[in-house]
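Structures are listed in the sections that come next.
In what follows, chain A forms one complex with chain B and a second complex with chain C.
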Partner chain A sequence: MSVERALEGVGTFLDDRLHGARGVRVLLRKVFPDHWSFLLGEIILYSFIILLLTGTFLTLWFQPSMTDVIYHGSYIPLRGVRMSEAYASTLNISFDVRGGLLMREIHHWAADLFMAAIMAHMIRVFFTGAYRKPREINWLIGIVLFTLGMFEGLFGYSLPDDLLSGAGLRITEGILQSLPIVGTYLAFFLFGGPFPGHEIIPRLYILHVLVIPGLILALVTVHLFLMFHQKHTQMPGKGRTNTNVVGSPMYPYFMAKTGAFFFFTFAALALAATFAQINPIWLYGPYNPVAMSAGSQPDFYMGALEGSLRMFPAWQWVMFGHTWAFNVFVPALLPLGIIFGGAAIWPFLEQWITGDRSEHHLNDRPRNAPTRTALGIAMITFYGVLWAEGANDIIANHLDISLYLTTWIARVAWLVAPILAYIITKRICLGLQRKDRHLLEHGVETGIIRQLPGGEFIEETRPVDEEALAVLTSRSELPPLPSLEAAEGEVPPPGMRGALGKVRERLYNVVTESVPLPESHGNGHGNGHALEAVGADEHGQGSLPAGTGTEQRGGQDQH
Partner chain B sequence: MSWITARRRHPAAGYLVVAFVLVLVGMAYAVITGGSASASSPVSANSAQVAQGRNLFLEDCATCHGMFAQGVNGQAPGLIGVGAAAVDFQVSTGRMPAAKLGAENPRKPPRLTPSQTRAVAAYIQSLGGGPPIPSAAQVSTYGANVGLGQQLFVANCAACHNFVGAGGALTNGKYAPALTQSTPTQIYEAMLTGPEAMPVFNDLTVTPQEKRDIIAYVTQVRAEPNPGGFSLGRVGPATEGLVAFLGLLFFMVLAALWITAKHGKAHE
Partner chain C sequence: MSDTNSPGQPDSGNSGELSWPEYLTGGESRGAVPPGAQAAEPEGHAAPHRVIGTPPPAVARKLLAADGGGISRETVRELPAEPDDPRRAKRVEKLVAACFLVAGLAGLAFMVFYGTIGVGSITNVLHSNLALGGSMALMFLLLGIGTVLWVRHLMPTVELAEDRHPMAATPQERAAFKETFQEGAEASQFVKRPIIRRSLIAATIPMAVAPIFLLRDMGPLPGTSLDTTVWRKGLRLLVYGTGRPISAAEFNSPGALISVGPEGYLDNDNAMAKAAVSLIKFRPGELVYGPPARPGGPSVRDKVVPNWTVDNIVAYSKICTHLGCPAALYEQTTHRILCPCHQSTFLATEGAKVIFGPATRPLPQLPIGVDSEGYLIATGPFNEPVGPSFWERS
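Up next, the complex of A and B:
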C-alpha cells in the first residue's frame, strides 16, 4: 500500500511539473502494425545501439596512433615485431584486455548485421512501395544512412592498421587520386602527405568515433521521428485502409515484442562473436606497404565497389597533361552511382510517370506493381554480380574456375543478368496476378467432386474468405494518363505535349501494366458479393483479432 | 567363453565388433601400403639406388619426360639439372606422376614410397646435379624466429598463398595451393626449386636461416588455435559476409517471424 502511494506521489509530483501524462498516454496507445518485415528496421536500430556500446568499450584501450612500437604483449608469434601503436593496442584488446576479443568481435559482427539489415530493410520498403508519398524524405534519409554506414564501416576496419585494412586504405587513396584534376590534392589532404604517412589513423578515428556516428544518430532520430509522426504503413488485409492503422498498441504488446527483439539481436551477435571468428588481425600481421595477401577483400558492404574495380578494363590515358584513370574512377563512381542515384530518384520518377500525387499508407503487394518489382530485382542482380566479382578470387579458388573466366562472366553478366532478371520477374508478377484473378473469379478449390443428378461431374469451389479477399483485391488505384482521357483529335494537356510527353506516355504504359481485377468478383457461383463492399468496409475494433487496435490517420490524432 | 556368452547380446556388443574390425582393417591397410617412412635422410647416392631410380623413372616418368629425362617439347620439361630437391617435392606431394596435363597439378596421395622417391631423386641428381634434398637440420625450426618468419612470409609468399597459407587463385586456371599439408622439407624444396608458377627463392634472396623462419611461421600458424571461434576458412572477409547474411540476418528474420506470429490474449 505504502509503495503504491509513494509511487503515486512521485507520479503526481512529476506530472504537476512536466505535464507528461497526456503525452505518455498517447504514446502508450500508439498502434504499430504487425508484420515480420517491419522488424527489419529494428535490427538496424538495435545493432546500432550495440555498436555504440561495444565501440565505447573499445575506445578505452585503442590507441589511434601510428607511432612505431615493438610488441611485447601476450601474442607470442608477433613478439619483437615493429608495428604501429594502433595495431599493438588492437592486439592488446584482443589478447590482454578481459573480454576484449569478444567485444571486438561483437562490434564487428554488429557492423556486418547493421549493413545487412539496412539492405534487407531497404529492399522491403522498395518492394512494398512504402517509400511513396508522404514517405519520400524518409527514403532519402535511409539512402544517406546506408552511404554513411559504408564509410563508417570502412573507416572502422581501417583503424587496426593490419595488413588487410592497409590494403583497403591503399584502394581508398587510389580512388581519391583517380578523380580528375582534384584527385591528388584530395589524397594529400586526407593522408596529410604521401601514403601512408602518420596522420591517417588519428583522422579516421575521429571520423569513426565522433563525426559519422553523430551524423548517423541524428539521421536515425529524424528517420524514427518521421516514421512515428507519419505512422507506420501496413500490409493490406481485412479492415485495413489508407486512412487507418491496424496493429498492436505500443503498451503492452509492441513494447514487449520490440524489447524481446532487442535481446534476440544481442543474443545473435553474442553467439556469432563466440563461435565465428571475425577479422583475426593477429593473423594478418601489421601493415606493410610492400606486402599484400591473396584473397584480400573488403567487408561485404564494400564488395560491390571492389567487384566493379576488379572487373573494369585497364583504361588509362594521358590527356591535356593529366593522367585520366578511367579504370579507377569510372568503376568507383558509376555502378554505385547508378544504384544510389537510381534509388533516390525513383520515387519522384514514379510520381511523374504515373501522375499519382496521393498519399499511400497501405503497402503494395510486390506482384501488384510488376514493373517496380522487376526493376528492384534487376538492381539487386546488378549489385549481386558486382558483389560476387568482388570475391572472384575466392570463388575461382574454391569452385575450381579459372580466375579470368570469373572476370569475363561478370563483365557480361552485369549488363545481361539485370535485363533477364527484369523480364523474368515481370512475367512472374503478372502470372501471380493472373492466379489471384483466377481465385477471385472461380473461388478456392475444395477438392470435392460432386455428381449432379444428370450425371455431370462438377468441382466444388468456395469463395475466398474476407481476409484473403481484402488482400487479393488490394491495388493502388492510379489516376489515368491525361492524354488517354482526352478524346481523339483534341489538344493534349500541357504535361503530355512534345517529346517528353511521349516518353511519359510510354513509361506510363510500362509502369501500369497489370492484369485487371475481375469486374465484380462473385465466386463463380453467383452470390454477387461485390468487390467494393470490402474496400469501403470500416470494421470496428470488435471484429478485429484480440490484442489489436486501430488508429485513424489524418491531421489530428483521434485520442 | 561364458564371459563372452553372457555379454554377446549386450547393446554395445555390435558397436564394439564393428570398431574392432575397423581397427584391424586400418592396421592391415597400414602394413600393406608400407606406412609412413621416417624423416627423409640425405641422399646417399649409391649405384644400386641410382639403378633402381632409373627403372622407376622408365616406368612412371619417361612417358612424358623422355627416355633420358631430356624432356618432350610441348609436353614436359627436361629434368637434367633440376636436382633431387625438385624430384622429391613433386613426387612426395603426389603431383608427379601427373594424372593428366593441366594448368596445375594438384596435390594427391603419393604414388611412390619414400624410398622409391629417393631412388628416382638420386637418379635425376646423377644426371646433372642441382639442389639436393635438404637435410633434417636444414629444415629444422628449432630456434627459428616466427615473428620474422611472419614478416618474410607476408612480404614474399602471402601475395599468392594468402596471409596464413590458405591458398589463392592465380591466372589462367593456375592456383597457389594451401600449405596445410606441406611438410617442412616440402616447403624448403618448393622455395629452392620454384615448382609450377612459383618463383625460385634461392639462398641469396631468402637465406637458409630465413627459410627456416618461414617454415616455422607456416607450421606454427596452421597449428595455432582460433581464439575467436571457428576460423571460417581464414580467407578474409568474404566468408564473414556470408555468415552475416546466411547466419545473422537469417536468424533475425526467423526471430521476427516468430515474434510477430505471437498474438496477445484479449485485453480491454
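Up next, the complex of A and C:
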C-alpha cells in the first residue's frame, strides 16, 4: 500500500537521522494505568493549551495601555465615556471582532477550569498518597504551579482595566503597602508610582503573556517528564503491585483516549462560553477610583484570600513610629501560607514520622490512611470556610441573614470546622476499614437464607471476588517504629530518645492508626463463621465448602 | 526517551535472561549495559518484563519464558487486531463515522456563521456568539464522542503489565558516577586552585546583584507622597459625574450621599485615588460632635469635628482605610458607610468610626466651608493620611 510506503519513507528518513526506532517503539508501548481520577491532571494540561491558543488570539487586538481615550465603538451605552485603551480594546474584541467575545469567554472559563482542575488533581494526589516517594518533587512542582496559576489568573483578569478588576488591583496595592519595611517601596515599584499610575497594565501584561506562562510551561514540562520517567501510579487491583504498571499501551489506546479528552475539554469550555456569560466587563464599566459596586467578587480561586481578608479582626499596632497592619498582611499571607506550606512539608513530615523511606507506586485508598485523609479534609474545610467567607455578602443576601453574622460564623468556623472535619473524617475512614474487614472475614451477603439440618437459619455469604480481594487487602506496609520494637525497659534507639523522639512516637501512633486486616485475609469463606472449613485459601478458590461457590452465585442470579 | 524500561538503560539489564524489549532486538542492547550494573542486578525475574494481562497472564509468561531470546517476531502479538465483538463493531463503526461526519459539518457551519453573521451591535454579537460557540462546541463534542466510541467498542480490550524498577541507581552506578564527577572536578583544577575558585565566587556576587539595580527606575520612591492628597484650602468640591460645584443650599435633602472631588482633579485618577470624598447631609441633631479642632492639632477620633462641617454636611474620605476600595455603600437609616470589598463598616454620625470589619481607622474627615459664592470648599487638607495603612504611617 502506498500509505504504508510513505510512512516507511518518513520513518526511515527520521530514523537515519535520529535513531528513533528503538526508543520510540518502547514509547508506543508505554503502559498507562486507567482510572477516572487520573483524568483530572489531563484537564489541567488541556485547559492550559486552550489558554495558550485563545490567549494568543486575544493579543492580536488587545492594547495593554492606560492611555485615556474616548470610546466610539459599537457598544452604544459606553460611547463618549473616558476609559483606558486597555478597556476600549477589550470592548473592541467583544463587540467588533468576530469570535472575539467567544474567545474571551473561553479564555476566562479555561482559566477557571485550569485552577479548579489543579485543586481537584492535588486533592486526588493527596488522598491516594501519590505524592509519596519518589514523587515528592512533582508534588512540590504542583504547588508552585498552583501559586503561579493564582498570580497568572489575577494578572490576567486585571488586564481589561474594568471597574471590578481595578478594585482587585487596588486591593493588591493595599496588601503590598501593608508589608512591614518594604511594602510601600514594593507598591511604588510595581505600580510605577502612586496608584493607579500608567504602568501597571503594561507590566502585568508582559508578566501575564510571557513570564508566568513561560514558567508554567517549563514546570509543566518537567512535571510531565517526571511523571513519564517515574511511570504513573496505579490504583490497587488484581495483578497490580508496587513493582509493576498495569494498563493499556500509549499507542493506540491512551493516545486516542487522551485526544478525545482534549476534545471534550474544549467542547465543555465552548459550551460554557456560549451559554454562560462570564466577566461581562461592558456591564462593569471602565475603572475609576471613586466607584465600586456591591457584591464585588474576585474569580473563585482568589476567594479564599478575599474571605481571609474579610474575616480577620481589625488588629493594628503603631510601634516604634511604624504601622504594623496585622489586619492586612497576616490574613493575606498566613492562611494560604498554612495550606501551601503545609502541603509542601507534609510528604517529608510523614516520612519522618513513619520512618517509611520506601517507594510507593500503588496508591492508597483514602480510608486506608485515616489520619492523612482526615488532615486533607480538615485542610479543605479550612480553605472552604475562607472561600465561603469571600462571598459572605452574597450568602447573607441569599439566606437573608445579617452580613456581620456570616463573618462571625466564619471567624468561629475557621477554627472549629477543620477540627470537627478531622474527627469526623477519621471516624468515617476507620468505619469503612471495619466494613472492609467484615467483608474479608465474613464474605459478601447474598440475601439467601438457608436452614441448617439442626433448624438454625443462616444467611449465605459468598467470598469476595479476586478483584475486590486485591482492592480490600491492599495496604501500604509501614515499618514499625524503632522504639516500639525495643522491649519494655530497654533503652530506646538513638533518634527515639529525648523530646523529639517522644513527639515522633506519639505522631507515629496517630498517623498509623488503622483497623488491621484479618489475620489471614483468606477470602470470604462462605457461611457465617466457617473459617475453619475453608482452610484460609489465599485466593479463595477451590477449597470452598460445597454450596458456597458457584451454587450461591447461581442462586443470586435468580433473585 | 525517558522510559526506564527502554533497552540499553542500565536498570532494564537483568542478568541471566533477556527482558521483553530486548528479545525483539536480538539482545544487542546488552552491550550498552555497563558491566558493573549487570553483575549487580539480582538474579530472578523468571518472567519477562512484559506479559499480556488478558487473556490469562500465565499463558503468555510460559510462552515467552520457554522461547527466550530465540523467539521470532511473528509469534508474539501483544495487541490483538480483532475487536472483541465483531457484530457490534460493525454497528459502532457506522456510529463513529456519523459522529465524525457531523463534527465536520459543524466545523463547516462555524466557518459559514463566521462569514454570514456580523458583529458590531449587542444583538449581532449575541447571535454570532451563539452560532460560533454552538457549532464549535458541537464539533469538539462529536469528535470526542466518536473517538471514545471507537476506543471502547472497536479497539480490542487489552491490558499490559510493565515492570517497575527502583528509581535509585545501583551502588556500582553511583560509585561510577561519583568517580566520573570527581575526575572532572579534579581535571578542572577547581578544587586544587582556590584562588580561581574564590575569585570566581567573588565575581558572581556582583553579577547577581547588578540586575536588581536595573529595577530601581521602575518607580519613584514613595517619600511622603502617601501622607497627603491634593486637597488644600480654597479648592471647591465638585460633584463627581457632573463636574459642577455644589452649594450647601442645593445639597439639602437629609440622608443623601454624593461623591465629590477637588476642583481641577476630577479626571486625574492618581489624584482621585486618594482625594475622593463622600459628602453626606444629616438632619439636625444626628451628628455626634467632638471638640473643635485646633489648627494643626489632631482631631478627636470617633466624633465629628464641628468646625469642619457646614450646616450638618460632613465630608469624609471615600477611600477605605482597610485596602483602599471606595467605601461606596451608604445606608441612610442607620448612617452606616460600608465598603463593598471587605465590609468594613463606618458610622457616619460619629466621625465615621469603625463599627465592624477589618478596617482599623475611621475615614478621615475633610474640613469644609463655604466660599463667597456659597459653594462648598475645602478649608484645609486632610489632617492625616487617607486610605490603607502603610509602614511609614505613624
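Operating definition for what follows: the second predicted complex is superposed on the first by the 517 of 559 C-alpha atoms of A that agree within 3 Å, B and C clash if a C-alpha of one lies under 4 Å from a C-alpha of the other, contacts with A are read in each partner's own complex, and residues count from 1 in each chain.
Definition applied: a residue touches a chain if its C-beta (ideal position, glycine included) is under 8 Å from a C-beta of that chain, and two chains touch if they have at least 3 such contacts.
None of the values given here were measured: they were computed from a predicted structure.
Of the two partner chains placed around the shared chain by superposition, chain C is the only one that A:Arg310 touches, whereas chain B remains out of contact.
By the document's definition of touching, of the two partners only chain C reaches A:Gly193; chain B does not.
Residue contacts after overlaying the shared chain place A:Thr274 against chain B and chain C alike. Touch counts on chain A: comparing chain C and chain B, the chain ahead is C.
Look at A:Thr323: by the touch rule set out above, it reaches chain C but stays clear of chain B.
In the superposition on chain A, A:Ala291 makes contact with both chain B and chain C. Look at A:Asp112: by the touch rule set out above, it reaches chain B but stays clear of chain C. In the superposed pair of complexes, A:Val144 makes contact with neither chain B nor chain C. In the superposed model, A:Leu164 makes contact with chain B only, not with chain C. In the superposition on chain A, contact is made by A:Leu40 with chain B only, not with chain C.
Touching of chain A by both chain B and chain C, each in its own complex, is seen for residues 76, 94-95, 101, 105, 248, 252-253, 257, 260-261, 264, 273-275, 288, 290-296, 392-393, 403-404. Those residues of chain A that touch chain C in the complex are listed here as 22-27, 29-31, 68, 74-76, 82, 94-102, 105, 134, 167, 170-171, 173-175, 177-185, 187-197, 199, 225, 228-231, 239, 242-249, 252-253, 256-257, 259-264, 266-267, 270-271, 273-275, 287-296, 306, 309-316, 318, 321-323, 325, 327-328, 331, 359, 361, 392-393, 403-404, 407.
Against chain B, the residues of chain A that register as touching in their complex are 34-40, 43, 76-81, 94-95, 101, 105, 109, 112-113, 115-117, 120, 163-164, 248, 252-253, 257, 260-261, 264-265, 268-269, 272-280, 283-285, 288, 290-301, 303, 391-394, 396-397, 402-404, 545-548. Contact residues on chain C toward chain A in their complex (touch as defined above): 1-8, 21, 25, 29, 50, 53, 57, 78-79, 114, 117-122, 125, 128-130, 132-134, 136-141, 143-145, 147-148, 150-151, 155, 158-167, 215, 218-222, 225-226, 240, 259, 261, 267, 269-270, 272-274, 276, 318-319, 322-326, 328-329, 339-345, 354, 356-361, 387-394. Listing the residues of chain B that touch chain A in their complex gives 103, 145-148, 150-151, 154-155, 158-164, 166-173, 175-176, 217, 220-221, 224, 226-232, 234-245, 247-249, 251-253, 255-257, 259-267.
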